[in-house]
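Next come the structures, one after another.
You will see subunit A twice below: alongside subunit B first, and alongside subunit C after that.
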Partner chain A sequence: MIRLRFLLRRLGQAVITLWAVTLLTFVMFKALPGSVAFGITGIRTTTEDIARINHQLGLDQPLWNQYGRYMGRMFQGDFGSSVTYGKPAMDVILTALPTTLFLAVYAVVLTAVVTVVLAVLAALRRDRLTDHVIRSVPVVGLGMPAFWVGTMLLFLLAYKLPIFPAGGLQPGFVGHVKTLFLPAATLGVLYTAVLVRSLRASLLEVLDSEYVLVARSKGLVGSRLILRHVLPNAILPTVTLLGLIFAGLLGGALIVEAVFALPGLGSLLISGFQRHDFAIVQGVVVLAAVAILLVNIVIDILYSVLDPRVGLS
Partner chain B sequence: MMLAACGGSGSTTTQSTGAQPPAASSTAQGGGGSSPAPSGDTTAPDTSTSAAPDTAQAKNGGDLVIAGYQEMTTLDKDLAGTSNDALRVLENVLDRLYVLDNDAKPQPSLATGYTLSDDKLTWTFQLRKDAAFSDGKPVTAADVVFSLDLARKGDFLGSLYSRISSVKADGDNTVVITTSAPEPVMLQLLTLETSGIIENNYGGKSKDAYNQQPIGSGPWMFSKVTQGVGVTVVPNPHWWGEKGHLDSITINTSADPNTRLIQLRSGQAQLIETPQFAQLDSIKQGGNTTVLSFPSTEVDFLEMNTSKAPFDDVHFRKALSLALDRQAIVQAALRGNGSPAATWMSPSVLGDYQPADGTKFDLNAAKAELAQSKTPTWTQPIVLQYSTSSAASWPLAAQVIQSNLQALGLTVKIETADTNTLQAATAKKTYDLHFGLLTYDIPDPGELVGYYLATKGYNSFVDMSATQKLYDAAAAEFDPANRLEAFKKVADSIVNVDVSTPGLYTVPYFWGASKSLHGLHIILTGQFNFNDLWLG
Partner chain C sequence: MGTVGTVGTVSRAIVEPGAVTTRRVRLFARARRSPWALRIGLGIVTIYLAVAVFAPWLAPYDPLAQDVMHSLAPPSAEHLLGTDSLGRDLLSRLIYGARIDLLLGAAATGLALILGTVLGLLAGYFRGWVDLVLSRLVDMMMAIPAYPLLVLLLFLLGQGTGSIILAFAVTGWVSYARLTRGQVMVVREQDYVVAARLGALGNLRVMARHVLPNVTTQVIVLWASDIVLAISAIAALGYLGIGIQAPTPEWGVMVADGQGFLLTNWMLATVPGLVIVVLGVGLALISDSLAARGGRR
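Up next, the complex of A and B:
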């Protein structure tokens, strides 16, 4: 009952937040300089072109009128038509979504696995060489821009050692696993540095707690102690961070998608802005907002599942 | 329709009174697009990479993968010009009444020929009787009428056909096109991808459904289209002409030039579009890869805002042009892979003509012109802006220009901004200097002059009355030799009278290719015939 009330309350808040997102995006987009016509025809655009295309798209109407029509259509699931793709924006977005979703899950899973393994190793070998190496090496990832990491991985693992494809997206589950490994690894390199240090610190805190001391005194050691008693109590902050990373990735991993030639939401968002394609931009932003709101609700619920002491009230 | 976002400005101009409608689309290219252009004149660049005639015996079979750089967002022929890759594919899938041969001359394809009435207003085209769409349906005059009417009504490019007043079928195999005024470039217009022939009434499908994977009667047909990834084409079994050599051609999009290079070096792609100048040596030294270059029509140039000081003075503009060391700009920005240009009217479409003194670098003459201007001692910074998604050569070109003008006593401030911001600055007439980039869609000098006049001198807001008169005479000229001479005078006027859009340099097309690929020949306007290609 408490969970249902919590869920309804959070969903209500989410609807208000979503409305604010649509309004904010609409206002900000309208404040942008430029025009759709110029995005299509470039330097040879005439004022007649701009006026004609604006009229066709209803962009010469008052702003409140445009927003009202947009919201009216959105409630019917219609985000408008993309001027660059020449078809409904939601069709374009939903075609790109699976790539981004797959990449986000892949990156989070890779990051989580590597983070847990490294953090546990570091915590168990506290202040020894292993700990120092694990704490310092991933930090290098923080100092490297995504496009450079991606390009280097492509150079090393797609050209020098041709293990993976050099960008692009192969169809099917196996094709996705193969082609999205390097992009997911690129994202993993960037996120692991932060997460390992965070999880290691939590693990050390738990390892120093009294109940772990008691467990040890009863002879509980090794992986059983770590996996059943330490990790579940230390991992909450990491779950939060992973959730936020996942939600952020659902809006598109802009640079990584560009480097690896992936047809995801990030690529869509960039071209939407460049070409003044409001329907695409608004659709991706709303979708990303929905994802972030839902992931946050799920994280809150997950908290209470992982640690029953955390209430939902 | 080689195009893309222009790094320069956004036009806010009105159609000049009396300006002839553009003959065909021109386009702005940004982001270093499939660099069209130059040919030649003065400083021939290192041509060691130029494509040599391929005399080897063609082999059949094989699957070619091309890494392009612009996503094919739509295969709607009216909109496809926003992606060079899309229009290249469409021109091999959708047959047209006429197509360009490798020398960029219109040749009959779906039409067997034409007759033109004495008043030059009625064109009658006879169609082939053995042409069929890739689904087996015969091509009829009704399909041609439907397709050309679509082109005329196109939301974005319909204005190209503004002189055409009607397209009618006369039986199954004859099409009659009437124009409101003589149209000297009719055949060239009919070679454009927007003139591609599709099935009447979209073959009974909706427009959106048809354009997901258009059916044409050209030598190739779509077998797979994946949004954001690319397309695959295979030979059209119903093509009336000689078959191509390859089993399939896949064109994928890779926006990042480093990724395209790795795809070429790893063998994932056999042909990559628009390698960066810094990558050319690496590709040449790759062992199994090479660089191919072809003349193009690309010219990069400057746009001066003549609606404000100091550019409202023609002497100031002349001084600026004379102070530009275009050869140094070519060396720095293109690593020598280009030629100085006097105007955006490509020498390639002017019989290799460059207006006299248009590329002259003479600091003393520049100072003399500056002394004659209203502002001989201009102390305020001149802002040179370009788009963050601009041609790759512009940042370095900007630095050389900054240095050149410093020698003239002028301070240049370089700024980058997104394309929309630049367009807004143009609309408000607040900018000083912008870069511009143009390529031709049809190999006729009139095309870009039409747009120049329609956009108030590519947003330079200059008085073009002298150029307008010369253009009116040139645009109506049917005789090729006379037409060429007339447009040379137009070019002279743009360079010596208007002086608001000085040329900087021309750039050839560069492609990175596997040595196993043969037969590639890029036409002056950027397309190529898939049937020429083979692997071996």
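Up next, the complex of A and C:
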């Protein structure tokens, strides 16, 4: 009962936040310099052309009417028609979504594996050389720009040692796994730097707790202790962060997609901006916001399920 | 708490008898904890600042001077790091780039810091509707991924340094506001703040003299790590072609320019990125040491 009420309240908040996001993008785009008509017809545009296109798109109506129509369509999951692609923005977004989704899952899996391995190693060999080396990962990693890491991986693993393709996207699961490895690894390097420190800290906290002492006194050591008793209790904050990273990636990994020329939501967003394609931009931004809000709610629920000590309030 | 800690330490000594520190490890550990980390960090950042300030005297060439006859030249005595596709001296462009990236990074995060700290202070101190409005605003900002929002703002504000600073301030104030608000909510209930408020001191005075000083260390720690991310992001916008524009020697733009010539001269794309990474290490060392000093680990 409490859980249901909590869920409803969180959903209510999410809807308000989402409405604010749509209002923000609407206002911003209306304030943008340049007109949509120019984006469609290019530089040789007559005044009549502009008037005609504006009329077709309903851009000659009062702002309030435009906003009303927009919200009405939004409720039906319709972001309007893309002026550059000549079809519903939703369709265009849905064709780009799988690439981004695949990349996001791939990156999160790589990040999770590397983070857990490094953090467990550091925690087990606390204050020894391994630990100190792993602890300096964030010091170096946090300042690394994504586009540079991507370019370096491209240079080393696609040009110098031609193990991976240099960009683009091959079809099929295996093709995806192969072509998206370098982009996912780029994101993995950066996010591991963010996560490894906090996971190590919470592992150490659990290792110091009394029930781990009890488990040890019963003779439990090594991987069994870590996997059964320590990791499940220490990993919650990391799961939260991974969830947020995943949600953030659903808006498109702008930079990585640019480096590796991937046809995902990030590339779509950039080209949408450049061509004043309001429907596309609004669609991607709203989709990203929905993803982040949903993931947040799911994380809260997961927390209360996984750790009964956390109440929903 | 104390007993649990002791039990933990003792247990580790029992269960891990091999946990004897070697000399190498001790050196490493001491280096991390000692003021040396802070000194090295400050040293790195000082060098960068000096390079930015004295760029015209340090740079061997004009960073914009083209020499197409000697384009993509490998490192030599005349051009220590070689030249780019338009024959411009890479070293000179890196040196002048320090001016652009450091200035933009500091200004952008500085404005975000001021905005966020003030808003967080007001919300945490007055609570009520101020807090409510701010919290909703923070929720909304957190729901929009940072890069799409940055790009949206840049297209709205037009390109240029002023727009970049403003766009970063609009997206960046949130973390400062959250940090400050949380801290202030704790501090405002402390006896000395309550006493100051019960005395005839005005709200402004109480906030400035009794509340704000308790927040500054953590805000500065956040700032040091934020600058790294901001410089990285400014460079990323330059790389995407929507930040600082082409002829200007900006590190991100330089990586983007060099990417096409990886096979001819790999240094063009590599060195500007390394320059950012080293600066990042410097700032991370500073913020880590400050955080450790403030008791936060």
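Quick notes on this structure:
Methods note: the second predicted complex is superposed on the first by the 289 of 313 C-alpha atoms of A that agree within 3 Å, B and C clash if a C-alpha of one lies under 4 Å from a C-alpha of the other, contacts with A are read in each partner's own complex, and residues count from 1 in each chain.
The rule is short, and it goes like this: a contact is a pair of C-beta atoms (placed from the backbone, for glycine too) under 8 Å apart; a residue touches a chain by one contact, two chains touch by 3 or more.
These numbers come from a predicted model, not from an experiment.
In the superposition on chain A, A:L63 makes contact with neither subunit B nor subunit C.
Contacts of A:G168 after superposition: subunit B is touched, whereas subunit C is not reached. Legend: residue contacts after superposition of the two complexes on their common chain; A:P263 is shown touching subunit B, with no touch to subunit C.
In the overlay built on the shared chain, the residue A:T151 is in contact with subunit B and with subunit C.
Shared-chain residue A:T84: touches subunit B; no touch with subunit C. By the document's definition of touching, of the two partners only subunit B reaches A:T47; subunit C does not.
Legend: residue contacts after superposition of the two complexes on their common chain; A:L94 is shown touching neither subunit B nor subunit C. When both complexes are overlaid on chain A, the residue A:Y159 reaches subunit B and subunit C alike.
Taken together, the two complexes place residues 32-33, 147, 151, 154-155, 159, 258-259, 273 of subunit A in contact with subunit B and also with subunit C. On subunit A, the positions that touch subunit B within their shared complex are 32-35, 37-50, 53, 56, 82, 84-87, 92, 95-96, 99, 147, 151, 154-155, 158-159, 162, 165-169, 171, 258-264, 267-268, 271, 273-276. Here subunit C touches subunit A in the complex through residues 4-5, 7-9, 11-12, 15, 19, 21-22, 24-25, 28-29, 32, 136, 139-140, 142-149, 151-153, 155-156, 158, 225, 228-229, 231-232, 235-236, 239-240, 242, 252, 255-256, 258-259, 262-263, 266, 269-270, 272-273, 276-277, 279-281, 283-285, 288, 297, going by the rule given at the top.
Interface residues of subunit B facing subunit A in the complex, by the touch rule stated above, are 3-6, 8-15, 22, 25-30, 67, 71, 73-74, 76, 79, 82, 155-157, 159, 208, 211-212, 226-229, 252-256, 258-259, 262-263, 265-266, 268, 389, 418-421, 423-425, 427, 436-438, 451, 454-455, 458-459. Listing the residues of subunit A that touch subunit C in their complex gives 13, 16-18, 20-21, 24-25, 28, 31-33, 126-129, 132, 135, 138-140, 142-149, 151-152, 154-155, 159, 201, 207-210, 213, 216, 221, 248, 251-252, 254-255, 258-259, 266, 269-270, 273, 281, 284-285, 288-289, 292-293.
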